[in-house]
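Below is one structure, written out as structure tokens; comments come after it.
As written, the chain order gives the labels A, B, C and D, with residue 1 at the start of each chain.
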Amino acid sequence: MPPAQDVHARAPSRGRLRLLSVGLTGIRKPLSVQREGRANNLAVTFRVAVDLPSDRKGSDLSRNAEILAEIVDETATRPVESLETACSSIVRELLVRHPYATEASVEASAEYFLRKGVSEPKRSFEDYTLLAEARGTRTEDGSVEVRRAVGAEAVGMTACPCAMETCRELLTKEYPLLADPQFESLPMISHNQRNRTRLIFELDGETSVEVDEVIAAVEAAQSSPTYAILKRGDEAQVVLDAHRHPKFVEDVVRDLLASLPERFPTASDATTVRASTVSEESIHKYNVEASHRISLGELRRSSGR
Amino acid sequence: MPPAQDVHARAPSRGRLRLLSVGLTGIRKPLSVQREGRANNLAVTFRVAVDLPSDRKGSDLSRNAEILAEIVDETATRPVESLETACSSIVRELLVRHPYATEASVEASAEYFLRKGVSEPKRSFEDYTLLAEARGTRTEDGSVEVRRAVGAEAVGMTACPCAMETCRELLTKEYPLLADPQFESLPMISHNQRNRTRLIFELDGETSVEVDEVIAAVEAAQSSPTYAILKRGDEAQVVLDAHRHPKFVEDVVRDLLASLPERFPTASDATTVRASTVSEESIHKYNVEASHRISLGELRRSSGR
Amino acid sequence: MPPAQDVHARAPSRGRLRLLSVGLTGIRKPLSVQREGRANNLAVTFRVAVDLPSDRKGSDLSRNAEILAEIVDETATRPVESLETACSSIVRELLVRHPYATEASVEASAEYFLRKGVSEPKRSFEDYTLLAEARGTRTEDGSVEVRRAVGAEAVGMTACPCAMETCRELLTKEYPLLADPQFESLPMISHNQRNRTRLIFELDGETSVEVDEVIAAVEAAQSSPTYAILKRGDEAQVVLDAHRHPKFVEDVVRDLLASLPERFPTASDATTVRASTVSEESIHKYNVEASHRISLGELRRSSGR
Amino acid sequence: MPPAQDVHARAPSRGRLRLLSVGLTGIRKPLSVQREGRANNLAVTFRVAVDLPSDRKGSDLSRNAEILAEIVDETATRPVESLETACSSIVRELLVRHPYATEASVEASAEYFLRKGVSEPKRSFEDYTLLAEARGTRTEDGSVEVRRAVGAEAVGMTACPCAMETCRELLTKEYPLLADPQFESLPMISHNQRNRTRLIFELDGETSVEVDEVIAAVEAAQSSPTYAILKRGDEAQVVLDAHRHPKFVEDVVRDLLASLPERFPTASDATTVRASTVSEESIHKYNVEASHRISLGELRRSSGR
């Protein structure tokens, strides 16, 4: 029997269609990232895929696993600059080793720990999610264009501004003195809850964005960040801060977007941002959410209004 | 070739051990349950298992799937009385069709909808989880003893009693008039959050327990139940109720257990209850939980103290 | 204190941006659907959202919960025709009760049971997932245009065509007689695994698609459907069928798409379909996946090639 | 207003019951573990809890978060020996800082990467799960007794021995030559699938168990381990190995347990092991599972039979 042609390289038996995406999903890899002078070890979930021309039965999927292994192994001795840098390298290599492909994509998410707290002795590791994407396109002259995205998700807290007002009305009937102007600024009971907010930058050209600043932007837009260690008085302070900054999910997204022009002054107008937030409502069994997508240019113009 | 002996019935090749449990898990089935005169359709996740003697290679797992199919199909025309009744029937049939087994177990969970609301026009379906278990043992005389368990989980809300006090202290510094006795009962801001509480009765003999009453007991022990439809004023009322009944997870479990002697007067002293609760803290990224297991007899004696 | 203006209706404090989407997610509701003359009870997970103009602080989210309650309650006495019909009604009502919104969307998924089996006595309920979407746009003349999508996901089995060939090569070295032409069609060992495939029709105008036919299309494109009850010989037959139809994820998507022109002859050329499949590889810890999106018109033209 | 007594330290308002367990769950922390001369960074999910006496309203939960922070921070500069060592330290500290508690428990799970492959150039990181537990009891003389458990879960592959035989029967009818004795050892098609197996040692006294050896034991008991990188011929070899070692879930548990006396010769007879396995069946939509719990002493005696 002569050596068989690789099954993947044959013509498809039926349905001769180009496919938009064929790849691996849910593959876990450890990745060393250089952060402020020291290696930070991330456990990353990757999704990697390329397109497939109509005349080919299968994609060489083992190459995807090899690329991930090589790039990941390399970081054990030479940590990579960032998760999105790793994604860019992978997407370029995908188009080298799948010569039949014209598009490649990589999506990555990883848990990320930062030491935070209400004060130095109460600092401890808080967990966040890093997000990165890279999409490569083989152009007509054979070169590869890569678009990158980078972002993060943070869990914080929201307190509802509407219930706060209706509770004030309700309680003022019972405690008429609450109508006194001195109590106008007294924060009232409301419902508050765990909130998950993510912000992703679709980067323009070589622009880069610092993920710690992305996380800071998200936490500033929630009613309050949350912390692992809160002693008696700290807890009261966090609750008070949250109720002094009551937010609908709509407010979280708008305040987050409105803060970006100042926080990311060097990011170009062509940079597009995606913001989304979910509040796991304490008074309902379901969640509420809000999302938006807009360019920094539009944001800058609208903030001038 | 002579007809082969069934592979399962052979001797194990290695490791001649009795096994405690072999079965199916994650099998989904629709089940019709008779509730207050009408059929209620549950989508149930079953786990069914039997033990395996040391001289047998495998358990006849296809029989488990057949039993589930027969009992479930039967309910399409003749709805069963309750989820735990179905579990009991299944466990008995498991011991009939696995003659080599001496123990059988069934665990079932199903989503369950009840129409609830702050008032009639705002009633809508709220989702709960039903839980049922049955364990059968073949006794020496060949008869089968079945122990049953039944329970439910409800999502509600907890408000923290500790943060409420520390917030009062903090705010009283800023608004000294709050120290006035008239404000002693004014509910203060606190953190509040989604809470999941479950209560399971390990039934004694033929005792039965009404799941709607189990759900009512759980919701009464949380700071407040939660609802799908809350208009302006309703939301304030739910928030106020929750802050008038601030609860640690410890309080939820204790209050729930303390309510049982009165709520379930006909359940025997030998009935054992398991209570557990999880608060998805709004001020932390992690959850807090509490749990206990105790007999109704002990509860009755301790409540007399 | 005069009655306060509703907080949601005020101007946003900061970030005066229109938001693309604000809504509820993860809300569970029971829905009665009329299927072949009898009511079928689905437990549906809904996501419902509308856009929000730049001059409004918040969306009236309680209206979303009210709409769901009304439409769902209505089906208890008058079952709705299909899940996508319910989605269309909801999306229209969202634009009525959110007069400030110009776009609305509903996404729904529900578990769905069909009685299937290798033969009549071995039929039992198999579980599938129904999927439906509706998106409404308020046009300039005030009317509402609704685009609907409907689909399903089925779990089946794939056997790898590549490993089957390489195993044949490997085994032929050990058993040279396997090279004999009489064994050319003998199915060889391979890796096979659980596969999840979904097909969604983005409907054109009033076209409708029968979900049972969608499920049939998906199962026909996998190496084999899977069943709850398989006795000794049935199991062998399913395994043999799967190995007689070995499929890459690429084959599953292409074969599925290629079958649609014949299976759905009345669906218009403008109907677009999305197909995606995931194989939970038995030889890897990760999954492989393939996906495509194409119009029926393009499919019809390409199948003519 | 005099400084309030801490709310937790007060008497419970209702339901004066000791509670078996109160604590934190789902708390994530990075932990540095010393492995073969280098630090290995684990992202750990902890559950930590203590009991609560009947005269105390609440547990000082912030102390749990502080303990975790201190022990975890310490490992950043001085990596701990193992995950179970960290659990033991935490459980001891829980009983120091909760002087009212008599029992404490810690459960930890973490993803763990090992470089493996069919050959050196194809090695890459495979992901496993580490599991550790520690339970401390304050004895009457005030000292603390700690029982530890350690284990791991590995994802591998199982091929069904029964379908292999029934397929042989079915195919022999079609290819009568297969009845020839030369084909007796020819592996036949079967269903094969992803399998998750875990093994946990409830350690006796100071015994320790090497987790890499636990993982090796699990992978040896499955039909085959699985790998990220498999080129053409490797894939065939893994498939062939799996079909040369067909296993029911019952076989996986028994073979695993039977291998322990030889693999862990220094573990004492009083060590108890828990083994459980789940096969995500390719021919069914549900899973099958088997589990057992037995002491090494019993295993040693039964293997002498």
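The working rule: contacts are C-beta pairs under 8 Å (C-beta built on N, C-alpha and C of every residue); 3 or more make two chains touch, one makes a residue touch a chain.
Computed from a predicted model, the values in this text were never measured in an experiment.
*Asks:* Touching both chain B and chain C: give me those chains, sorted by label.
*Replies:* Looking at chain C and chain B together, the chains touching each of them are A, D.
*Asks:* Turning chain C onto chain D with a C-alpha fit: angle in degrees, nearest 5?
*Replies:* Rounded to 5 degrees, the superposing rotation is 180 degrees.
*Asks:* Please flag the chain sitting at the greatest distance from chain D, going by CA centroids.
*Replies:* Following the centroid criterion, the farthest chain would be C.
*Asks:* Round to the nearest whole Å and give the separation of the Cα centres of chain C and chain D.
*Replies:* 35
*Asks:* Using mean CA coordinates as chain centres, what's the gap between chain A and chain C in Å?
*Replies:* 26
*Asks:* Calculate how many whole Å lie between the centre of chain A and the centre of chain D, each centre taken as the average of the chain's C-alpha atoms.
*Replies:* 31
*Asks:* Going by the contact rule already set, what residues in chain C reach two or more other chains?
*Replies:* Residues 6, 27-28, 65, 127, 162, 169, 228, 230, 232, 235, 284-286.
*Asks:* Where on chain A does chain D make contact in their complex?
*Replies:* 6, 27-30, 41, 43, 62, 65-66, 68-69, 72-73, 111, 113, 123-125, 127, 228-232, 235
*Asks:* Which residues of chain A touch chain B in their complex?
*Replies:* 126-127, 155, 157, 160, 162-163, 166-167, 169-171, 175, 177-178, 182-183, 186-194, 224, 226-228, 230, 232-233, 235-240, 242-243, 280-286
*Asks:* Taking the complex as given, what residues does chain D use to touch chain B?
*Replies:* So the residues of chain D touching chain B come out as 1, 4, 6-8, 12-17, 19-28, 49, 52, 57-59, 61, 65, 161-162, 165, 169, 172, 179, 248-251, 253-258, 278, 284-294, 299, 302-303, 305.
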